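After this come two complexes, each holding chain A, first together with chain B and then together with chain C.
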Partner chain A sequence: MSLYAIQTEIMAMEKKRRLYSMAGIVLIAAVLISGYGLANDLNSGGFLTGMQQFFDYPSEIVKEAWAAGFSFFLVMGRFVPALVETLNIAGAASIVGGTLAVVLAFLGSANLGVKPPVVVTIVRRIMDIMRAFPELIIALFLIFILGSSPVPAMIAVAIHTAGALGKLFSEVNENADADPVEGLASCGATWLQRMRYGVLPQVLPNYLSYFMLRFEINVRASAILGFVGAGGIGMELRRTIGWGKGAGDETAALFMLLILSIFVIDQLSSFIRRRLVTGRDPE
Partner chain B sequence: MASSTLAIQPPAPISGSLAVFSRLRRSSLMIMAGTGLMVLYLLYTFISFDLWHLISRSQPQRAVLLATDAVAHKVHITKNIRGAGRLSIAVEGERTATYETPPGWVTVSDDLTRVDLAQGYRVDIYDTHVIFQIPDIGPVHVRITDAGIKTTLPKGVDPPDWLRATSAKFDARPTLGRRVQVSKARIEVHRYFMGWENFFFPFRSELTAYSPGQLFALAFSDQRIDPDMPNWRLMFTTFWKNPGWQHKQVFVALLETFLMAILGTLTAALVGLPLAVLAAANFTPAQALRFVVRRVFDFLRGIDMLIWSLIFIRAFGLGPLTGALAIAFTDTGSLGKLFSEALEGVNNKQMEGVHATGANRLQFYRFGVIPQIIPVFVSQTLYYLEANVRSATIIGALGAGGIGLMLVEAMNTQRHWENVFYLILLTISLVMVMDTVSAKVRSRLIHGRSGT
Partner chain C sequence: MKIADLTKTFGKITAVDAVSFSIDQPQMIGVIGPSGAGKSTLLRMINRLTDATRGSIQINDREILQLSGREKRRWQRDCAMIFQQFNLVPRLNVVTNVLMGRLNGHSTLKSLFSIFGRHMVDEALAALDRLGIADQALQRAETLSGGQQQRVAIARALMQQPKMVLADEPIASLDPLSAEKVMTALREIRDRDNLTVLCNLHTLDTARTYCDRVIGMLQGSIVFDDVPSKLTPSVVRDIYGADQELNESVTSTSIPGPVFIPEPMRIRKPALA
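After this line comes the complex of A and B, so read on.
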């Protein structure tokens, strides 16, 4: 092939690629413009009026919180049990879901010699379904049967966690080094022993890192589910917001607690994750 | 002397393996301790959640009720004792779905109403006297007297556990699909049928009477049912405006939820990218600016979608715009942070090469930077889009509208479980379709790239 032919071919490919990019950009722009137009029409309050009112609510609750003075901190203290409940929902859901995820991940990894191989496919589909089910639906359904309580939210979040972490964990498993497993197999180790001594030590740091990230997400999810009747800080928020004017200091206190705890968990989890990733190398 | 000390020293390989064993033992110990702590913590949470009390208080029959009502519908035969003693036969007891002429399994004569509940179950209603024929048990007589409800079982039959008979009320449900209730005010018989009632056309519509094949033929027929419009349009409008199922409203709600997710995610990605450039150390030398932009990301992320939604719902009211903005605000922080990390990992050589050709600033980004981060950009945006379809249903439930709010409202009314079930199916389908499409696009993108 002559140089010229190569050049024209490359130019043609480049042209095609740019055409695709342009088409993509035009499509995204069209979606955005028409979408916002449609959304604005469907919304009960328009964009412009909304923008003017945007700071009304935050400033209202800040003002009320300011007026409360020092007692604002007492209000915050009063809501600590609600915060603990939300954190407990997230914590229990992370542990239950995470444990389930480990089991699912080992059964759903293609490289670990799970027999028969069809188990891998089935477990993967199960994880897909667990992930796809919106937490809200499971929570609402269980609240209907069990009554208003933190447990429905815990179960809902745990199911989603099992699916989401299971997928990530199985990806970690599939990247694990096969040599230790083969070595153990040659010593006559059973499947469980091979997993425990050959795979688990390799994947555990990554598991923990994903687990921390998930815990943070679950705290947010538990707070939201509280709003539909699962208890904790979300439930308190619905109560104070439902009261409208007058409960601004309480709302502000709840916002403050939620933001603070998310900030602390965010920092803590990124610190631990950094430690896990860097701490592994020296060994 | 020296040789004897040497002899008692263990050979080197064993000492090495001992170290391995002790490390292994330590790590097993740590895993055990970790597991123990987790179990303790779970115990504590279960106690604080009051799990045992909760289980004892739970109402599993509600799940059965929901499951039956979700896939079946019932026809009520109601006789009011007070007033004129009128008899009505209606689907789900709704006035708009009352039978003008009784269906074949109900025969009405002057003094007797006979309801055939199939498989040997039969209810005969005389004035204030009900005879419930139950196979294997025989006739159960229920009389409404001034003293209360009097129930007489056949001789030698113990009252089964599905039958409750007090002087105030008689309630028998021998199977899930048959129920007879008698109180001083009314006699009510329920018969269940599988399937959703009037899913396509309302009860009153003349279209309800046709079979699917007839409807298909009718759609293209020139003989108009309604002279004002062709038959296919009549069918569509009747379906679209079906009051029981609200297909139009459901469709709009789904569209709203979808709009929230797609607009919110796209906005977050497109706003997040330029901000990410300002937060990346290798593009923005000014440390103060970087610091500020990073704190903006932390702020947007830290406020949390719940709080953003509540603020936006207050300002913008119900609707997709509210949800889209709440998602956009939160995810500008998350995506911005991710993009800035991706930008800090780009390869300098390509940028230097573009720079060396004398490219201007725009060309520098267009050819030197964007091609390198586009895979991260697109795949992360798609990941967030998937997650945001779920988030949009939840934000909707908080009060932003869409399918989430519709679902919460349908559940709160605690009626029409078939509608709830239908909405759940639609929501899950929406989420699954989005997941599948996005997974396809992502894998296409990755394979397409590695292939060329």
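After this line comes the complex of A and C, so read on.
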């Protein structure tokens, strides 16, 4: 092929690429506009009028919290046990779901020599199903069977976590370098040994950041599940928000606790990750 | 060891074409030939990293190609392999990488929790000391230079207590001084441990200097199998399919001067146990 011909082909490809990008942007814009129109028609209040009242409730809460003065912190302290319960649900769900996710991820990675290969497809579909149901639906279903307690919430969040983290973990696995694994294979290591020493050390830092992010998400999810009777901070929030005026300081205190706990998790996450990536410990 | 009619095809391409040769006594064999001649595939088939299409590899009347499961892994431990890209686990420290040579024969449950006994750690350190890199034992493998990493890989091979050693282009990505250290270490495995070392090489002078026997491959077949002194310029042209004069000295990476610079053997107790 002459240089000129290659040049023409590159230009043609470039043109096609630009066309696709433009088409994509137009499509997204169309979806957004039509979606907004549809929502506006269906909603009773209308988006623009509702928007003007958007800050009314938050400002109400802040005003009441401000009025409470120092006793605001006492209110916060009073809700700490509820926060601990929510964190417990989130923590237990993250650990149970995360452990299951590691197993699913290794069996669901196409590059690790899982035999027979059909296992990879099956495990991936299982993870899809686990992710497909919102926590809220699983929790409602389990609360119906097991009754109102933190346990159904924990199981619901754990199932979703296993599916979501399993997918992310398996994508990390598929980016792992194959050379170390081959090196171990050449020494006569079993599949489990190759995974433990060839893959796990490579993927652990990324696993950890995904895990901590998931923990954070799970704290919020567990808080929401309190609304349907799973206990914890969500139950308190439902009560105070339901009361509306008068309980504004309590609502503000609950939000403050949630925000603070997310901050702490975020800091903790970056601290642990830093240790793991640069630390001297082998793993 | 007897290899007969060993063949590997990838789709329509025949990477290794009915290769036969035998090794009667421990010797250092260099396999040379242009890229794509099937040198790597040959070694990978011997280690059973790649399955052969047909043929046989026999050692003491045992058919290596028929092994599976536990027995296959045991064979892989017996024939240690060294790679061009070292294939260490970058985030594990050096001594753990060496201990990996013993994963075979270590119970899976024990190894999952990284439990290695003191005598194993001592042995790993002795292997590192022999290669002059015991000081780096606690560093992560990824922080070492290429030459050091390749010596860690050789220490891991020694840890396997192998019956033979395969080396796939062990010095192709190393600087000349590191290359010499690595080749000296491999030669020492031949001389001191009395093992066969089968080594793919790109540089002819390396093959001439270190090997007892040279096998030349072209397009999957063996076209030369003799002592290095028979490797005349015309033979070399045949192996590499070069039309004109092939000027070796242009691509040579050897360092002029005495070749066998003995590695200083440091005799001292292991730094840690």
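Keep in mind that, in the parts below, the second predicted complex is superposed on the first by the 227 of 283 C-alpha atoms of A that agree within 3 Å, B and C clash if a C-alpha of one lies under 4 Å from a C-alpha of the other, contacts with A are read in each partner's own complex, and residues count from 1 in each chain.
To be clear about the criterion, a residue touches a chain if its C-beta (ideal position, glycine included) is under 8 Å from a C-beta of that chain, and two chains touch if they have at least 3 such contacts.
Note that the structure is predicted; figures quoted are calculated from it, not measured.
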Problem set entry | chain B versus chain C, judged by how many residues of chain A each one touches | B
For this session: For A:192, decide between first (touching chain B), second (touching chain C), both and neither.
Result: second
For this session: Kindly classify A:201 by the partners it touches after superposition: chain B alone (first), chain C alone (second), both, or neither?
Result: both
Exercise. Which holds for A:111: it touches chain B only (first), chain C only (second), both, or neither?
Worked result: neither
Exercise. For A:180, is the partner it touches chain B (first), chain C (second), both, or none of the two (neither)?
Worked result: second
For this session: For A:140, select first, second, both or neither according to whether it touches chain B, chain C, the two together, or no partner.
Result: first
Exercise. Between chain B (first) and chain C (second), which, if any, makes contact with A:85: first, second, both or neither?
Worked result: first
Exercise. Touching A:266 in the superposition: chain B (first), chain C (second), both, neither?
Worked result: first
Seminar exercise, completed: chain A contact set shared between chain B and chain C covers 197, 201, 204
Exercise. Which of the residues in chain C come into contact with chain A in the complex?
Worked result: 47, 49, 72-77, 80-81, 83, 85-93, 96, 100-104, 106, 108, 111-112, 114, 138, 140, 153, 156, 160
Problem set entry | Interface residues, chain A side, partner chain B - complex | 28, 31-32, 35-36, 38-40, 42-47, 50-51, 53-54, 56-58, 85, 88-89, 91-92, 95-96, 99, 128, 131-137, 140-141, 144-147, 149-151, 154, 197, 201, 204, 220, 223-225, 227-228, 234, 237, 241, 255, 258-259, 262-263, 266
Exercise. Okay, in this complex, where on chain A does chain C touch?
Worked result: 177, 179-180, 182-190, 192-193, 196-198, 201-202, 204, 280, 282-283
Exercise. Which of the residues in chain B come into contact with chain A in the complex?
Worked result: 24, 27, 31, 38, 41-42, 44-46, 48-51, 54-55, 57-60, 62-63, 66, 252, 255-256, 259-260, 262-263, 266-267, 270, 298, 301-307, 310-312, 314-322, 324, 390, 393-394, 397-398, 401, 404, 407-408, 411, 414, 424, 427-428, 431-432, 435
